[in-house]
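Structures follow.
One chain, subunit A, appears in both complexes that follow, with subunit B as partner in the first and subunit C in the second.
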Partner chain A sequence: MGANRCAIVGIGQTHHKAKRQDVSIAGLVREAAARALADAELTWKDIDAVVIGKAPDMFEGVMMPELYLADALGAVGKPMLRVHTAGSVGGSTAIAAAHLVMGGVHQRVLTVAFEKQSESDAMWALSPKIPFQPQLTAGAGGYFAPLVRAYIRRSGAPDDVGLQVAVKDRLHALKNPYAHLRIKGIDRAMVADSPMLWDPIRYLETCPSSDGACAMVMTSEAIAAAAPRPPAWVHGLSTRSEPVVFAGRDQVNPQAGRDCARDVYTQAGISDPRRDLACAELYVPFSWFEPMWLENLGFAAPGEGWKLTASGATALGGALPINPSGGVLSSNPIGASGMLRFAEAAMQVRDQAGEHQVDGARRALGHAYGGGSQFFAMWIVGRDRP
Partner chain B sequence: MSAPPDERPPVTVLQAPVRLDYTVTAGHHLSTYLRALADRKIVGGRCPECHKVYLPARGACPTCGVPADAPVEVADQGTVTTFCVIRIPFDAAPFPPPYVAVAILLDGADMPIFHLVRGIEPDAARMGMRVRAVWVPDDQLGPTLASIRWFEATGEPDAPFEAIASHL
Partner chain C sequence: MRDVAIIAFAQLPSVRRDVTREEVELVQPVVAAALAQAHLRREDVGFTVSGSCDYLLGRPFSFVMALDAVAPWPPIHESHVEMDGAWALWEAWVRLQAGDIDTALIYAYGKSSLGDLPEVLVQQLDPYVVAPLGADAVGLAALQARALIDAGRVTERGLAELAAARRRQAADNPCAQRRAPRSADELLAEPYQVAPLRAHACPPISDGACAVVLAAGDTARRLVSSPAWIRGIDHRIEPHQLGMRDLTASPSTRLAAERAGALGGRFDLAELHAPFAHQEVILRDALGLDDGVAINPSGGALSANPMMVAGLARLGEAATRLMTGQGRRAVAHATSGPCLQHNLVCVLERDV
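Entry: the complex of A and B
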């Protein structure tokens, strides 16, 4: 890559819940950041710069929250940068932070992402009345359900693949003490019997609304040499975007996602992601997006992603575990959801994932998307120095 | 001097409603499209390089980067490319659920628009279904897509999947 190496030496996250009324937004981000610092055995004073991300300001109705959060994140008198790329923001925030290290600008960077959905109405914020089109999208589900229908029609997938992912990720969440949804006795019947919200997406095939934050400490190679625990190393990282509508746009399998994946694989020297990656944390807010992204990211040929899911390969213990943490389907603090994917991938290669650890994971993919399937952020992290 | 301990629980939630009013300057291309809607017409723009018809016309074709603004009137009927049935109630819903939200490829256009289909049972909605615009009465027409109340089924045979496959 022609850049300096970047190590992830500290990772922290909050316990994600529907309502974290025990903390303010400032308290929420500080909780995750303090855990990341503790993991790195560094203090606030050691940090050179802070990079923070969250989804649209309309979600909490607080404009530019990063300005008042400088205090809580120890950033007073230091460079502080806010990133915003809709739902992919947690991923692109981590990438912006890594770039500061890789570019040699800073030695130790703290990055944080959050959402406090209990202080907001995301469905309202995502359903504005604008005069060019009727107001009808009914939040993210109303936008993505037609794409799911298009995927099912195009791939010929059986109707129950979405049920399978919904169950699998919630079973994974039972092994993750930070997960928001921990549904005892989750099974296909429970998902199938849950209300249809945005036909063909059922209640239990969609993500929850969560309060939560995630943080990481990234350092240069020289600083990482003194890290108390093995770091995760950045092997590749990339972002891509495309317009939400253009003639002939493939919204089910977007070009920007394919290009972004190809770029990170090239950087990491990966020719066959299914063989070369131990696991992946993918941004799957609706269960059907697992097979859709498996195809977009080259884990399966177009139209074949659902077969990989149906085979059981994507469950913990399978050949390619997807979302061992329980994923977005189990915790969705929107702005943090992408960073959680990146952080969970790093936890896997640091052997730090506890009960949801994939044995011997050497390299893992973290993935985030946002907007109308138009913004993508991905990284590959590894146990070995690249 | 110190205050006595307050045993009451902390204040956790204060309701503070926010509203946003937009003043939109539509600009040249969007104005052409919006004015046409007030005349019961749907006018887009063709890109001179890829020949795709955009709704509304664009100052720059997203693919070719040149103005896609040669005016083209498209039909007020078309084909449902994909859809969902909204069954979740929410504050700003246009109708009580269930209702059908669709992407429609109007005849003559190369990208779908989003709208509603009414007058059918939600379970009868189909990809490939042929639909036409139901316009508001003349005295309610204006420079807004709300000039189209919703779409309704034409009763024509469904379009084959191949006709919509590259618009999903």
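Entry: the complex of A and C
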């Protein structure tokens, strides 16, 4: 944490879809940014610096697209930073932007994250042929399915916990007008009958490929005092990274995730996350990652995460709603998916989440991960000034 | 602002084609050397951040495997920018302002030899209306050089003389790639690459890596005898559409210099990231540097230009000269994008 407080005073996102053919890449990011500025009642001119993030450039086929997007994001004449930390990038980008405020370098920062997956083919971009390494031809699902199987074996979880998460997050998405997948009549039978892609992950237990963007305006305390709506305050934020290839790694319950969570809880003064947090937006691209992250983040003891999910506690109306927005399972513009988690957490504590609002949410966790479960970014935001 | 200094810099000799080493093998030796100079163990580093570009490697997530070079176990507090390492250094400088950590490691690597660099850089342009034209990086730089010549600010002979001077300076730099001395007359005898640019006015294509260590306040003073203090650092971007810019000027460099406190002061040396010879003229004018300032004593990007590395190397080269007593105050600059679209300026100073 820094010497200066950081407030989130504006939040915007696009309507996420499989193909946003009505807009260019510039149009997509501008749509989210303009909504964040409107929420903050600020203009492009008010912004001091722009921090942008996205996942690999091959997802669109544009190298270092921040150069081309400088005009669309009103960055001309300002500092512009481009972050890329794999799937966690939306979170890392928000954290880099927050540090500009917390370090006292700038007063009003616009941060944006996006992916326009329809411009290319993510499955191709995720399956590179690298000399001297086995080719990963099955995309992200092929990488993560063995970790899910290991989790099920280790925890003794019943087979249907994944089905339950897939249904729950899609029911949440029906309350979120921006969500990509809004599946009417979604139920266990529909998920169970969908094709098995990477055993045990079925089609409806995996995230979609989306076009979408998310943006936030962050300011110093002095600027936030004039904000038209109550801000969300940063109570804690951090990142952790660990290697890909290392025999000592536990990829099911990675140490980087545990360390990152401990760091943000300490900053925020949280001793019992299940008690002290109203809800959490976790990066769950495959249904089973909900119980896995519940354990990794200390919401449940090792081996117990699935019981929390099975109890219904993680649904809206439960004791600890997870992904009230519908999560990554319902909208997945990869580079923006992490920032959406951070932004949705902030929307909750600003009482701004509409139909998927958790009543009286005072503090919430935003979480993102990337690479082979090795890059983590998290923040805790609160209604009260820290 | 909190006092932060560059306390170590290490780089690999730039080469046209490194066929023996993967990215992680390029990064590991410079990280080890920089940490040794800084008298730091890797587990003592508060924040690690790197700069690199997937398109140079022709594969996604290239930074992921390179991270193994810093042996990130136990897990580390880390970030990555898809930019020149100079911007990674800026992120680290910002991070250190928060006050809760005191040291940062920055590294950058680039292996342009794996592809056709001018063609790869076409993919950096507006994908809808500019990239399809196929104008490559040398062609766009040639447009800029032509505009500068037409404005009467430089001649083709002037570019050759500038390139000859950088070669003379690079002869003293074991990490430079173009070190053989040539007279301006010899250079002018080369054919055009894209008129008015001959090979000597264009950068070499390079593979390389470098690393820098930053430390704050008393930690910097404790670790090394003469830290190179960052007195100001700022960067600004310009429009992407070339038609919206005056290519003979660099208002973003000027603005960044103003914000970094680089205008009007006296400098002993300047390290300017000018991949093309004429860009050095534009930058010198934007920064208001007079003849008393030693420009690019390292030989600059005309002598070695590993992409994503050359900007951070300018900051490292300037800092090293201050730390070894070859000057007291320096300005260092990094650029990104076609025709100097995005520019960073850093003022460095050694204690008396």
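To be clear about the criterion, the second predicted complex is superposed on the first by the 382 of 386 C-alpha atoms of A that agree within 3 Å, B and C clash if a C-alpha of one lies under 4 Å from a C-alpha of the other, contacts with A are read in each partner's own complex, and residues count from 1 in each chain.
Quick note on the criterion: a contact is a pair of C-beta atoms (placed from the backbone, for glycine too) under 8 Å apart; a residue touches a chain by one contact, two chains touch by 3 or more.
In this text, all values refer to a predicted model and were calculated from it rather than measured experimentally.
Asks: Looking at subunit A, does subunit B or subunit C touch a larger number of its residues?
Replies: After superposing on chain A, more of subunit A is contacted by C.
Asks: Which partner does A:I25 reach: the first (subunit B), the second (subunit C), both, or neither?
Replies: Touch status of A:I25: second partner only.
Asks: When the two structures are overlaid on chain A, which partner does A:L100 contact: first (subunit B), second (subunit C), both, or neither?
Replies: Only subunit C is touched by A:L100; subunit B is not.
Asks: Can A:L126 be said to touch subunit B (first), subunit C (second), both, or neither?
Replies: In the superposed model, A:L126 contacts subunit C only, not subunit B.
Asks: Now for A:G61: first (subunit B), second (subunit C), both, or neither, which partner does it touch?
Replies: Both subunit B and subunit C are touched by A:G61.
Asks: Tell me the contact category for A:A75 with respect to subunit B and subunit C: first, second, both or neither.
Replies: After superposition on chain A, A:A75 lies in contact with subunit C alone.
Asks: State whether A:V245 touches subunit B only (first), subunit C only (second), both chains, or neither.
Replies: In the superposed model, A:V245 contacts both subunit B and subunit C.
Asks: Looking at A:L282, would you say it contacts subunit B, subunit C, both, or neither? Reply first, second, both or neither.
Replies: neither
Asks: A:P200 in the overlay: touching subunit B, subunit C, both, or neither? Say first, second, both or neither.
Replies: First partner only.
Asks: Which residues of subunit A are in contact with subunit B in one complex and with subunit C in the other?
Replies: 58, 61, 119, 128, 130, 243, 245-246, 248
Asks: Which residues of subunit A touch subunit B in the complex?
Replies: Against subunit B, the touching part of subunit A is residues 21, 58, 61, 119, 121, 123-124, 127-139, 141-142, 145-147, 149-150, 153-154, 195-201, 243, 245-252.
Asks: Quick check on the complex: what are the subunit A residues that touch subunit C?
Replies: Subunit A residues touching subunit C: 1-3, 24-25, 55-71, 75-86, 92, 95-96, 99-100, 102-105, 119, 125-126, 128, 130, 238-246, 248, 254-256, 259-260, 371-372, 374-375.
Asks: In their shared complex, at which residues does subunit C touch subunit A?
Replies: Those in contact with subunit A are residues 1, 48, 53-55, 59-61, 63-65, 67-68, 71-83, 87, 90-91, 94-100, 120-121, 123-128, 130-131, 234-241, 244, 251-252, 255, 336-338, 341-342.
Asks: Okay, in this complex, where on subunit B does subunit A touch?
Replies: 12-13, 16, 18, 20, 22, 24, 30, 33-34, 47, 50, 52-54, 56, 61-63, 81-88, 90-94, 98, 101-103, 110-116, 122, 127, 143-146, 148, 161, 165-168
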